[in-house]
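Each chain carries a letter (A, B, C and D) given by its place in the written order, and its residues are counted from 1.
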Amino acid sequence: MSGNVLEVSGLSVEYLMDGGSVLAVDNVSFSLEPGEFVAVVGESGCGKSTMLFAVAQLLTPPAEIIGGTVMFKGRNLVGLADDSLTAIRWKDLSVVMQSAMNALNPVKSIGAQFKDAMRAHGVTSAQEIATRSAEVLKMVSIDPAHLQSYPHQLSGGMRQRSMIAMALLFTPDLVIMDEPTSALDVVAQRSLMVQIKELQEQFGFAVIFVTHDMSLVSHFSDRLMVMYAGQVAEVGPTRQLFDAPQHPYTAGLMEAFPSIRGPKLPLAGIPGSPPNLARRAEGCWFAPRCPKVFDRCKIEPPPLYPVQGREVRCFLHDAAAPVLVPRSSEEAGDTI
Amino acid sequence: MRFALRRLGFFLLTLWAALTLNFVLPRLMPGNPAIAMISKFKGGVSPQALHTLEIQFGVFTHKPLLSQYFTYLGNMATGKYGVSLSEYPATVGQIIKNAIPWTLGLVGMTTILAFVLGTGIGIVGAWRRGGTLDSIMPPVFVITSVIPYFWLGLVLILLFAVKLHALPSFGSYFFQATPGFNLTFIWDVIQHAILPAATLLITTIGTWILTMRNTMITTLAEDYVRMARAKGLPNRRIMLDYAARNAILPNLTGFAMSLGFVLGGAILTEFVFNYQGVGYWLLAAVNNEDYPLMQALFLLITVAVLVAILLSDIATAVLDPRTRDAS
Amino acid sequence: MAFLIPSTATDAATPLELAELPELDQGPGRRQSPAIRALRRMGKAIRSNRKATWGAGLLLVFFLLALFPGLIARDDPSAIVYKASLGPSLHHLLGTTGLGQDMFAQIIWGTRPVLEIAFGVGIASTVIAMLIGVAAAYLGGFWDAVLNLLTDVLLVIPLFPLLIVIAGYLHNAGTLVMILVITFTGWSYTARQLRSQALSLRKRDFLEAARVRGERPIYIIVVEIIPTMTSLIVASFLTNALYAVLFSTSLQFIGLGDPSQVSWGTMLYNAENNEAFQTGQALWIIAPGLCIVALGAAFALLNYAFDEIGNPALRPIKRGRRREQAPRRSRVRERA
Amino acid sequence: MTATADPLLRTEGLSKHFRIGNTLSPRTLHAVDDVSFSIGEREIVALAGESGSGKSTIARLLAKIYRPTSGKVFFEGKSVSSMRSRRDRLRYSGLAPMVFQDPFASINPVFRVSHGVMRGLKLHRPELTSEQRLDEAKRVFEVVGLTPAADVLERYPHELSGGQRQRVGFAQALAMRPKLIIADEPVSMLDVSIRIGLLNLMAKLRDDEDVSILFITHDLASARYVADRLIVMYAGQIAETGPMEEVLVNPKHPYTQLLLSAAPDPRAPLGVGAATDRGEPPKVINPTPGCRFRWRCPIAIDACHTITPQLLPIADGHEAACHVAQSGAEVKAFG
C-alpha cells in the first residue's frame, strides 16, 4: 500500500557480543496507515524495544541492523545519510521513551530542551518558540510556567506528559512510544493513556506503542503485534486478537491476566521461561513452552501464515499440512 | 545555603586537621627532630626568633601541651609563621610571597591547560567511538599517566638541554637577567617554563583524557543522548550540551580532589628544574631541616587544594540544577 | 604520577539493549566455591583482555626478579668493585654506576624493595579501606558520618606534600617505614570507593533478606557483603600498589629514603647527585626510570582492564567486523 | 475477644514516621499512620495501593526491618516489639519470613541458590543434621515447583529466570515452617506470562501448607485472583478494607473506586474518558487533620478538610474511612 506512513520489511537486528552475535530482531515486517495506533507487546528480552529503536534509526553499538528496510513516507531510513535523517527526525517522526527521568537532559530546563528541538529544525524566532512551547504544554494539561522547571522538579507523571508535549512540537506523522506509562502508577497510567488517545484523535498522527502489558492497550490500539524471541508471533486487529487468539503464545498471554470483574477463573499462565536468544533454536522458539507442540515444531522454524486478516507464526495454521494436534485450534479462545 | 555552610564547615575542619598535623607530627617523631634543628641554627638566629620556634615545636619549654597548642593556633591565625632558618633573616612569609607567583604561573596554568585539553580530547575520543583516536588512547595514556614526573623531567632535560641545547633546564629565568616587564625578560621566562610545563602536561593529561572518555562513554549510553539524536539535533550540540555537560560533572569534583596529586608532581618538577616555586622551597626546607618554612608551605598547599575544591563546587552548582536545589 | 580515576568502578552502566537481552552463556563454574569461581573468572578475563595480559605479564616478570634476583644478576649490587662509569658491555649489561657498581645488578636487586612496598601498601591500605568503608556503610548514621568525615578530610589534605613532611622529620625511611607512612596517608581514596559500593549494596534486598532471616551483623559483613565486592577490592589493591610504587620512588629520589638500600629510587637519587647526564651516564637515569614506568604500567593496565571488564561499554570497538557479511549494513554505527 | 481467639497477626495503631530535612528545618514524612488490621490463619490478605502509599513500609515494619514510631504488632497475641532475646526474635523471623520484590536483587549473586535455604534451616531449625537440611531444602524446592530440586539447588542465581528466583524466595521462607509469609510485591517485576504461576503457588501454599500470606501489590486484579481479603491504602492510611469480592463489587471509598476505574481490563467494555483524574498520591509531610484524599476527591464535603475520617464498619466486615460513606449517602466518585 502506498498510502502507508511506515512500511517495515524484513528488519533484522543483531547484537555483537563477546561470545558471538545474538539476533534480537528477526525478520520483522509490518506497516502503519496514517493515524493508526499499533501496539507491540511482548515479554522482556523479546526484542520489542530494539525493534522500535531500529525503526527510529537510534540503535547504538553493539546493536546493528543487518537487513531489511524501513520505508517512512516512501523513503528508506536504513542507510540514509545523517543529514537527511536529521531533517526527518522530530518534524515527521518523534519518539517518547520509557523513563522520562532518564530521557530528559537533567541539566537543562524543559523549555531549553524544547527550544533545542525547534532550533534544530529551523525555528529561530524566540517569540515563536515560546508560543509553541507553551501551547504544547497546555495540550498535555501542564502549566506553561513549568517551561522553566528542570526535570527533577517535576513529578513522574508530569515528566512523562512533558515528553509527550515535546514529541508533538511539530505535529509529526508518526510518534514512536517505548513503554511510556510503565514507570507510573495505575491511575496516572490510565490518565496518560486517555490523553495520548485524545491527542492522537485530535492531530491524527500514527503511533507505535511498545508495552509488556497487553491489557493496557486493549482499548486503545487498532492493531496488536505480539512478539516472541525477536519474531512476530501474531499480528492483527486488537479486538480480534483479544477475542480469539490464534497463536498458542497469544492465547497463553490471555490466560495470564486475572480479571477484575466477572467470574473468577483458575488461570494457568504459560509454563517455563522466555528463551535465551543466545542459544539458537532449531524449530519454533515457543515450542518448549507450548501446550500444543508437535514434532514438526521442534525441527522446522514456522513461517507467518495468513489467517483471517491476521498473520500467525504457527504450524497449526499451515493449511497445506494435516493438523497433527490432539485438540482443535479454536479451543484456544474458549476461556475468554 | 545549607550546603554552602556545610562545605565551609568541612573546609575549616580540614584546615584545622592540617594545622594539627603540623603541630603533632614533630612531637610524635622519635627524638623530636626540632631539637636537632634548633641546636643546629642556634648561633645564626636572633634569641627572640629562637624562642618563638621553641614554642612552635614544643622544645625547651615547660608550658603544658594544650597551651602550646593554642599559642601555636593563634600564631598561625594571625599570620605569624616565623622566620626561615635556612634563609635567615628572611621570614617565611617573604619566601612564600616570592614563590607563589612562579608556582601559580607554571603549575596553575599547566594544570588548567591539561584539564581543559584532556577533557576535550576525552570528549572527542569517546564521541568518535571506535575511531583511531579512541582505540589508541587507553593504552597510551594509561602508560603516560604512570611516568614519574621527576623522571620525565630528567629525560626532557637530557634530550632538549643536554643533547640539543635547545632549551634551558635550570631556574625560572636566566640568573643574570633583571626581572622586569619587558619582552626580553618575558621571553626568557617562557623559555624556562617550557620544559617543566611539558613535564607536567604530559604526565597529567592522560588522567583527564581517560576519565573523561570513560564517563563520556557511560553518558553516551544514556537515554537523553539517544533522545537528542531522535530530536535531530546537530551533532555538536548533542556532544557538548547533552553528553559532555553531564559527563563533566563528576569529573569537576574529581579534578579538585586530585589536585593534591598534581601538586605533589609539581613539587618534584620544580625540584628537578630548580624552578623556584613553592615545591622547590618545600624540598629545600626539608633538606635543610628548615621546619618552620616546611610547615608553612604544607599549609599553603592544603589551602590551595581547598580553594580549588571550593571553585569546583561553585562550577558544579552553576552547571547542575540538581545540586542547586539540594542546597 | 597522575592518577587513574576509575570513574565507573562503582556503578557499571549497562546499555539499554544489553539489559533487555538474556545473559549469554555463563560458562563453567557450577560446582566451585565463590572464591575459586571469582579467580577463574579473573584468569579468563586477564587472558581475554590485551591490556590485562600485558599488565599481568609485566607484573609476573618483576615478581620473578624480586624472588630470585641472585639467579639473574650474580654481582653484589652495592659492592663498589668495578671501574666507575663503564659503558654497557657483556660483563656489565648496563655498564657501571659513577661509583663503580654493576648497574644491571642494582636494577635486578632493586626490584624487591619496590615490590615489597607496593604489595605491603596495597594490602594494608586495602584492608584499612575495606574495614572503614564497609563499616561506615553498614553501621550508617553517626558512625558513617564520623568515618566518612575522617576519610574526606584525609582525602583532601594533599598526600604527597604530607608524605614529604613526615619523611622529612623521619630521615632515611626504610621499607617498613615507607609502607607505614604511605598506608597511613593513602587509604582514604579507596575507602571512599568501597564505602560507596557497600552503600549501594546495603540497599540490595539480599542483605535485607539475610537480616530478616536473623543473621548477625558480623556474618552479614564477612560472608554476604565482602565476597560481592571482590572486583572493587582488587581494584583498590591495584590503585594503592601503583600509588606506593610512584610515591616511594619519588621519596627515595629526593633523598628521603634509606640511602644504603639498593632500589630504583635511590639509584636515581645517586645518579642525580653524581650529575649522571653531565658525565655521559644517561643509562643510570633511564634504566631505573623505565623500570618504574613498567611496574607502574603493570598495575595501571590491570586496573584499567578490570574497569573495562566490569563495564563492557568501555571496551575497544572492533570496527568493520561484519563489513563483508552484511552489505546492507546500516549507517547507525557511524554516528558522529 | 479471648486470648485463644487472637488472630495470627494484629497491628494496633501502627505508625512509621521518617525524619527528613535537617535540624534547622525538621520535617517528618508520615509513611504509615495509625494502621490497624489483622490477618487470620490460612488467609491471604492483599494490601493494595499506589507507590508511596506506605504498603512496603508496613511489610518492613512487620519483618522488623523498621521499628514502628508508635503502635504495636501482635503475633499470636504476643507483642512483637517486646521480643528482646535473640531466641524470641529468631523464632518470630522464622514464623513470619519475608519475600522481596526484586528477584534479581534478593538473592546474593555470589552463592548458589541453596545458600539462603540452608542458612535459614541452620538458624531456625538447628536440630536438623546436614543431610536432613539438604532433604528439607529439596522438599521445599519441590513444593514451590523448582524441579529437579537437587539440580536447581546447585545453581547460581544468574542461571535462573526471574520467576524461578522468586520461587527460590518462597522456598527460603517455606523452609522455616512459617505461619505467615510477608510478600512485598512478589510478582510486580516478573513477566506477565510467569505471574500467574506465582499467584497459583501462593494459593497452593495457603491450601496445602496452611500458610497465611500478606500479599502486597499495586495490581487489584492479581489481588482479586488469590486474596481472601483486601486492604486499600492511601497516603499511609487504610482507606477501605473488607472481603475481596465485597469491596470490588461494592467499593465505598472514592479512592477504591478510582483505582478500580483505572485498572486496565481487556474484558471490560471500553471505558475511555472515565478516569480523568490527574492527581498523584501525595508525600505526607507534617500533615494536618483532614482526609488525605480530599484534594483529589470530587465529592469532598467540609468535614473532609478538618476531620481525619476513621475506619468504620459500613457493612459486615467491610470498613471504609470516608465521611460521605459513613453518613450513609451513596458514594459515586469515579467509574
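The rule is simple: contacts are C-beta pairs under 8 Å (C-beta built on N, C-alpha and C of every residue); 3 or more make two chains touch, one makes a residue touch a chain.
All figures in this text were calculated on a predicted structure; none of them were measured in a lab.
**Q** Which two chains have the most contacts between them?
**A** B-C
**Q** Mind having a look at which chain is the central one, using mean CA positions?
**A** Here the chain at the core of the arrangement is C.
**Q** I'd like to verify one number: the distance from the centre of subunit A to the centre of subunit B, where each centre is the average of its C-alpha atoms, in whole angstrom.
**A** Taking the average C-alpha coordinate of subunit A and of subunit B, the gap between them is 54 Å.
**Q** Once you find the CA centre of subunit C and the CA centre of subunit D, what distance in Å lies between them?
**A** It comes to 48 Å between the two C-alpha centres.
**Q** Between subunit B and subunit C, what distance separates the C-alpha centroids? Give it in angstrom.
**A** Their C-alpha centroids are separated by 23 Å.
**Q** State, to the nearest whole Å, the distance from the C-alpha centre of subunit B to the C-alpha centre of subunit D.
**A** The computed centroid separation for subunit B versus subunit D comes out at 56 Å.
**Q** Which subunit B residues sit where two or more other chains touch them?
**A** Answer for subunit B, listing residues that touch two or more other chains: 129-130, 221, 223, 226, 229, 235.
**Q** Residues of subunit C that touch two or more other chains: which are they?
**A** Those would be 15-16, 23, 317, 333, 335.
**Q** So in the complex, the part of subunit C that touches subunit D is made up of which residues?
**A** 23, 26, 29-31, 34, 204-206, 208-215, 224, 227-228
**Q** Inside the complex, what are the residues of subunit B that reach subunit C?
**A** It comes out as residues 10, 13-14, 17-18, 21-22, 25-26, 29, 33, 127-131, 134-135, 138-139, 142-143, 145-151, 154-155, 157-158, 162, 203-207, 210-211, 214-215, 217-218, 221, 223, 226, 229, 235, 250-251, 254, 257-265, 267-268, 271, 282-283, 285-287, 289, 291, 294-295, 297-298, 301-302, 305-306, 309.
**Q** Give the list of subunit C residues in touch with subunit B in this complex.
**A** That would be residues 1-8, 13, 15-16, 51, 149, 152-171, 242, 246-247, 249-250, 253-256, 268, 272, 277-278, 282, 285-286, 289, 292-293, 296-297, 299-301, 304, 307-308, 311, 313-314, 316-319, 333, 335-336 of subunit C.
**Q** Can you list the subunit A residues touching subunit B in their complex?
**A** Per the touch definition, subunit A meets subunit B at residues 53, 56, 58, 60-61, 82, 85-91, 94-95, 97-99, 102-109, 116-117, 120-121, 150, 152-153, 166.
**Q** Using the touch definition up top, name the residues of subunit B that touch subunit A in the complex.
**A** 129-130, 220-224, 226-235, 237, 241-242, 245-246, 249, 319-322, 325
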